[in-house]
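After this come two complexes, each holding chain A, first together with chain B and then together with chain C.
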Partner chain A sequence: MHTIICVKQVLDPEIPPAKFKIDPETKKVIPPAGVPPVISVFDERAVEAACRLKDKNKGKITIISMGSAKAADVVRHTLSMGADDGIVLTDDAFENLDSFGTAYVLSKAIKKIGAFDLVLCGRQAADWGAGQVGSILGEMLGIPIITLACNIEVTGQALKIRRIVRDGFEVLEAPMPSLITVSSEIGLPRLPGGMGLMMARRKVIPTWKAVDIGAEAAMLDKANSHTEVTGLSVPTRKSECEMITGVTLVEAAGNLAARIIKLV
Partner chain B sequence: MSPVSATYWGISGYIIFWVFFVVAAGLFVQRTWFLFRLIRLGKPENRFDHMGQRINNMVREVVTQRCSLKSVTRKDLAGFGHAFLFWGFSLFFLSYIIFIGLAGGFGLASIILGGTFERVFSSILDIAGLFVTIAIVWAAIRRYIVRPARLQMSAEAGIIMGMVFGLMLLHFLGDGFGLASAGVTTSWPPISGAIARLLSGSSISNLTLKHVYYSLWWLHYFLILSFAVYVPRSKHMHILASIFNEIFIPLGQKVVIEPIPVEEQENFGISKIQDFTWKDLLDLYSCAVCGRCHASCPAQLTGKTLSPREVIHNLKEHLLEAGSALLTPQPVTAKDGQPKEMLGGVVTEPEIWACTTCGACQEVCPVGIEHVRKIIGFRRNLTMSQSKMPESAQLMLRNMQSRGNPWAGVQSMRLRGDWTSGLDLKILADGDTTDTLFWVGCTGALVERNVKATLAMAKVFKAAGVDFAVLGDAETCCGDPARRAGYDFQFQVMAEQNIEMFKSHGIKQIITSCPHCLNTIKNEYPQYGGEFKVVHYTEFIADLIKQDKIKLSNELNSTLTFHDPCYLGRYNHIYQEPRGILQSIPNAKLTEMERSKSSSFCCGGGGGLMWIEEQPGTTKISHMRLEDALKTGADTVVTACPYCLQMFEESIEHKGIQSKLKALDLVEIVEAAMKQS
Partner chain C sequence: MDTAKGVLVFGEIVDGKLAPVTIELLGAGRKLANELGEELSVLLLGSKGGSLGQEAIAFGADTVYTDTDSIFDVYNSDAYTQAASGLCKKALPAVMLFGHTDIGCDLAPRLNGRLGGGLAMDCLALAIDPATKFLVSTRPVYGGNARATMVAKAARPQMATVRPKTLPAAERNDSRQGKVVMIEDKIDPSVMKIKVMERIKEEVEGVKLEDAEVVVSGGRGIGSKQNFEMVKELARVLGGAVGATRPVCDEGWTPAGLQVGQSGKVVSPKVYIAVGVSGAMAHITGCLGSKCIVAINKDKEANIFNVAQLGLIADYKEVLPALTAKLKELKTA
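After this line comes the complex of A and B, so read on.
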């Protein structure tokens, strides 16, 4: 079984708000100094899902990541978790692509890799959070798409997927190959073991450019982009504190209840 | 005439003597050979360097009994007992060779006995015997009547004490009857002489005296042989093993954590007997189950399941049990014949994660047992081979992996390098060089309370005109929490990166504010080719004061007590510098906690436990330590480690006694005491 996972490197979501700066002119986030990018948390869970499948059914895991050359660090992390191969897709033309453009680049890379049984993505990226690349990619690859999976099993030639819905979950069956986006409920990603870390350090991670995957220039042209960023701002958050009192505790509780009722 | 030269039921005494000797020697060798073969199950480890120095160390420790005397306190005088027992018994051992072996078995009685030599030696023996008897009675009282917590009642101890008591009794009576039957009445040797005088004055016939003497002599002989056979079969094998253990103790650092051997591929750390090195196994034999480690272990004292004594003792039992199965060539097939799993069974995970690696156990252990590296070995297996660890440990390691430091979330209110803003500091950029680096450490750079101490440090160094630089946001973790948690690959990655970086900046001297950084960079980086001069800031400041570059002239009007951080004191023997600094401040009164210097009590934050949640117990380690500080009546507890500082602050707040006791880093006091110019 060959699983391909698309992972993204993102700004560390743990950075304190004071450190988060944007440039309103170029409408871009300014990466703070001294904070290395991390793997998008949802993608890491997709890797965990794939590793669990591999633990049970054997097979191979290939990671692709589109981004700067630094994405190699993120890819290496997934290799230490248990992935077998990793590829970084880097090209000036890949910068600032929208979901559609990103899915296109990923689909070209996947086609170059060749045969596969499953493609996994995180449910969304931890930075922009659009949650579109997975679905568009499935469309481009022409395979079934299942989103928000919280459990994946292999049953013979098919996949059994438990999928999160608003009021619970549903269980679906899908053929192979399919594309599945993985939700956080799948569980905590593993800490790489000693073996994994050792293997990952030795592996070579190739870099593919636009020409390597045969991506057409027109498809990467920003002018043809389906999305336009019209503005970017850091939301301001205001908090106020109001002390609710009463002579007795019962009275204070009553006043509190009354105040809450007014709010809702 | 010696009892051996007589004939018994037609059999020569010599034959009886040697037959029993050979049988006993055979049993002795059989057992010790078995024990030796078990040790050889362990992995190789080179502890054969500097043999001269090693043997010298052993002699110094054992012959002078420093090993047991070093832990004598007003409350625990047992070390004296052991020393008297050891010296006294050594004399007896010599006497067995001379009087029983040479004079008896080899028939040299006419040369050895009857002269001044015998009288002098016997007199010495009499006095030694008295000391040994007193020591044994005292030991028995301590085991069966007023038993301190560190000791366990055991049948083995009873048998051994009975045997030694019997040997002493037989010495006195045997010699007494011997002298009486020979018609010698003398006041030297004093005790057996007195017995002899008593007997001579009685109406017992000479023949009876002689018969009783012969019987006692043989009884004595058989008891000696039984003792030799029994010792290697009991916990008293420590008598033999500890002598070797003292030879092979680590020469430099007491607690050495070795890198993962390169050939290790799948099974990391320790999960079964064969994963230990031979020295680790020798350690197990050497344990006298004296319980000193048990009585100083912060985890044990705060009600956790961990007891270093039990860990070592249980591992020994396991070795003796599982080891014999490993020695037999055919594999054990019966399922129920399988010995208990070592990791998880003999030593459990809650025990392993309760250890703060404070090193108190190793410090007090009289026989040089290395507890800490065994516990870290288990952690290595859990984290790297089995991915089994408390969630808090996983979170910390994850942060180290992706963020380069163990702190995360709301804890890291500040980011690396932020603290430098507003200070005119030399921050190393790529290509910059410096001789002296101030290595801040994660906690000092990221946690608000500790950042205050870091700022004080930078100000003190600047005021003293020190030419130094910092790494700012390029600084990552030194790797200590990963190594202590057993996740050694992460440590290795960080160590290699940091060494590379130090070299690229041409750094020669590193001043650390955290004793954990000090320990890793100074003592463990050399394992990866990083040899730098590393000093703790307390050493550095003490030096600046000596050179008159810092003057502590402001009065303090405060009573201080200094808490020795484990990694500063026990791990790096820095006890005097911080005290010297504090004492040189006008009007600062320094008081000591009862547990201080090498017997300092951990704050609870070492060994990764700053992040890994404390195992359930009766109280928190830090809360127990706070009580120690309170007992001194000091108004300020001073420390020189960011973890200790946090631990104290947390427990002071928990107890709500902020107005009674403050916790400060030593550098904050230095800053306050420096003359403002």
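After this line comes the complex of A and C, so read on.
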């Protein structure tokens, strides 16, 4: 069983808001100094899901990440978790692509990789959170798409998936290959062991450019973008928090209770 | 793109009724359609689609497209994608709106991939640019740290999923006129690649997080699973739901389903009580829609106080029992 996972390197979403700065001119975020980027949380869960499948059914996991050359760091992290191979997709033409452009590049890379049984993506990226690259990619590859998975199993030739819905979950059966987007409910990602870290360090992570995957220039042309970001701003929040006090903490708690009861 | 016209709302039917988010979308869609000087239509799939048509018209739709095949009574991604893309190829809407629900989140991106449109997810505001007539969608990015506006200049339809409870519901007017159009195309069974084996309702203790009018959330500051019981007790006394931050769920103090925030649920209760929550944006983004945020934290510098309306600077262990007891007393009084 061959699983391909698309992962993205993002600004650490847990940074304190005071460190978050943007440049409204370029409509980009200014990465804070000294905070290393991380693998997008949902993508890490997708890697965990694939590792669990590999634990049970054997097989191979290939990671692809589109981004800067630095994306090799997150690819290496996934290798230490248990992925077998990793590829970084880097090209000036890949910068600032919208969801369609991103899905296109990923689809070309997947076609170059060759045969696969399963493609996994995080349900959305932890930075721009567009939540659509996986589905567009699935449509481009022409394979069944299942979103928001919280459990994946292989039964014979089919995939059995639990999908999160509003009031519980659905149990779905899909053929292979399919594309599945993974939600955080799948569970915590494993911590890499010493052996995994050592293997990951030794692995060569190739870099593919547009020409390597046969990506057409017109598909990467920003003039053909489906969507365009026209503004980026940091919402101003008025800090008019009214502090409740009291002579004692118990009194303060009582004062707060009196305020809350009026609101409910 | 010049031929694309009108606003189409993807309608959801829940328990045989129009979903609240659909009524909100009809309100928003009506405004957009008026600004464009074009029609508002709605797609209703499932056996109730026909009988709910008049209601959708009362809430603002000019045209109701419906396919009452019972195949649509349970959401199936393949069938819905085929039906919606079939309609879009015929009706050629300029704008298409969805609720940011489990169905909208599945259908909209897939449909977008098939139609080659331009989609913005989880929008908080929609407007028509008066000069270009483009749909301008505002959505949170970077876990709520920033807001982005997006447009699709050439790709059609311009699509958006809208966060429930963000936009006001449409006003009902039963004298409104409109037409109901039956969709003739039948679903090709060969497109149904995914089988829905079963749907399992998850029983939650007490009130459901998304529906609750009061949510009491605990953060890492709670310290242990055992201490988290105090958070639950306060929620119980207020008849509210329990929420948690990501670290708390990761620690296993609460089930993952109770996570509020960027990678969890988005809630907008009347009162959101955050206990021992520092206020990372990834969490805050899930509760910013609350009418009132109450923060209890011993660190007066905690970011949660920047978004809260009521605050109490204290170690929660010293105030929560008193707060819970007092609220119990006031509730029964």
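Keep this in mind: the second predicted complex is superposed on the first by the 237 of 264 C-alpha atoms of A that agree within 3 Å, B and C clash if a C-alpha of one lies under 4 Å from a C-alpha of the other, contacts with A are read in each partner's own complex, and residues count from 1 in each chain.
By our rule, contacts are C-beta pairs under 8 Å (C-beta built on N, C-alpha and C of every residue); 3 or more make two chains touch, one makes a residue touch a chain.
In this text, all values refer to a predicted model and were calculated from it rather than measured experimentally.
Chemist: Touching A:Ala115 in the superposition: chain B (first), chain C (second), both, neither?
Modeler: A:Ala115 contacts neither chain B nor chain C.
Chemist: Taking the superposition as given, does A:Gly193 touch the first partner, chain B, the second, chain C, both, or neither?
Modeler: first
Chemist: Applying the touch criterion given at the start, work out whether A:Pro16 contacts chain B, chain C, both or neither, answering first, second, both or neither.
Modeler: In the superposed model, A:Pro16 contacts both chain B and chain C.
Chemist: Applying the touch criterion given at the start, work out whether A:Val29 contacts chain B, chain C, both or neither, answering first, second, both or neither.
Modeler: In the superposed model, A:Val29 contacts chain C only, not chain B.
Chemist: Counting only touches as set out at the top, which of chain B and chain C does A:Glu242 meet: first, second, both, neither?
Modeler: Touch status of A:Glu242: second partner only.
Chemist: Looking at A:Ala218 after the superposition, I want to know if it touches chain B, chain C, both of them or none. Which is it: first, second, both, neither?
Modeler: Neither partner.
Chemist: On the A-aligned overlay, A:Val38 touches which partner chain: chain B = first, chain C = second, or both, or neither?
Modeler: first
Chemist: With the two complexes superposed on chain A, say which partner A:His77 touches: chain B (first), chain C (second), both, or neither.
Modeler: A:His77 contacts chain B only, not chain C.
Chemist: By residue count, which of the two partners contacts chain A more extensively, chain B or chain C?
Modeler: C
Chemist: Could you give the residue numbers on chain A that contact chain B in one complex and chain C in the other?
Modeler: Shared contact residues on chain A (touching chain B in one complex, chain C in the other): 14-16, 188.
Chemist: Any idea which chain A residues touch chain C in the complex?
Modeler: Residues in contact with chain C: 11, 13-18, 20, 22, 27, 29, 41-42, 99-100, 103, 124, 126-132, 134-140, 144-148, 160, 164-175, 178, 184-185, 187-188, 224, 226-235, 237, 239-244, 249-250, 252-254, 256-261, 263-264.
Chemist: If you look only at chain B, which of its residues touch chain A in the complex?
Modeler: It is residues 260, 264-266, 268, 380, 383-387, 389, 391, 394, 397-398, 401-404, 408-409, 412-417, 472-474, 487-490, 493 of chain B that touch chain A.
Chemist: Inside the complex, what are the residues of chain A that reach chain B?
Modeler: So the residues of chain A touching chain B come out as 12, 14-16, 19, 32-36, 38-39, 77, 188, 190-195, 197-198.
Chemist: Where on chain C is chain A touching in the complex?
Modeler: It comes out as residues 75, 77-78, 101-102, 105-106, 108-110, 112-114, 116-122, 136, 140-143, 145-155, 193-202, 208, 210, 213-214, 238-240, 246, 250, 256-257, 259, 262-264, 270-271, 273, 279-282, 284, 291-292, 294-296, 303, 305-314, 318-320, 322-323, 326-327, 330-331.
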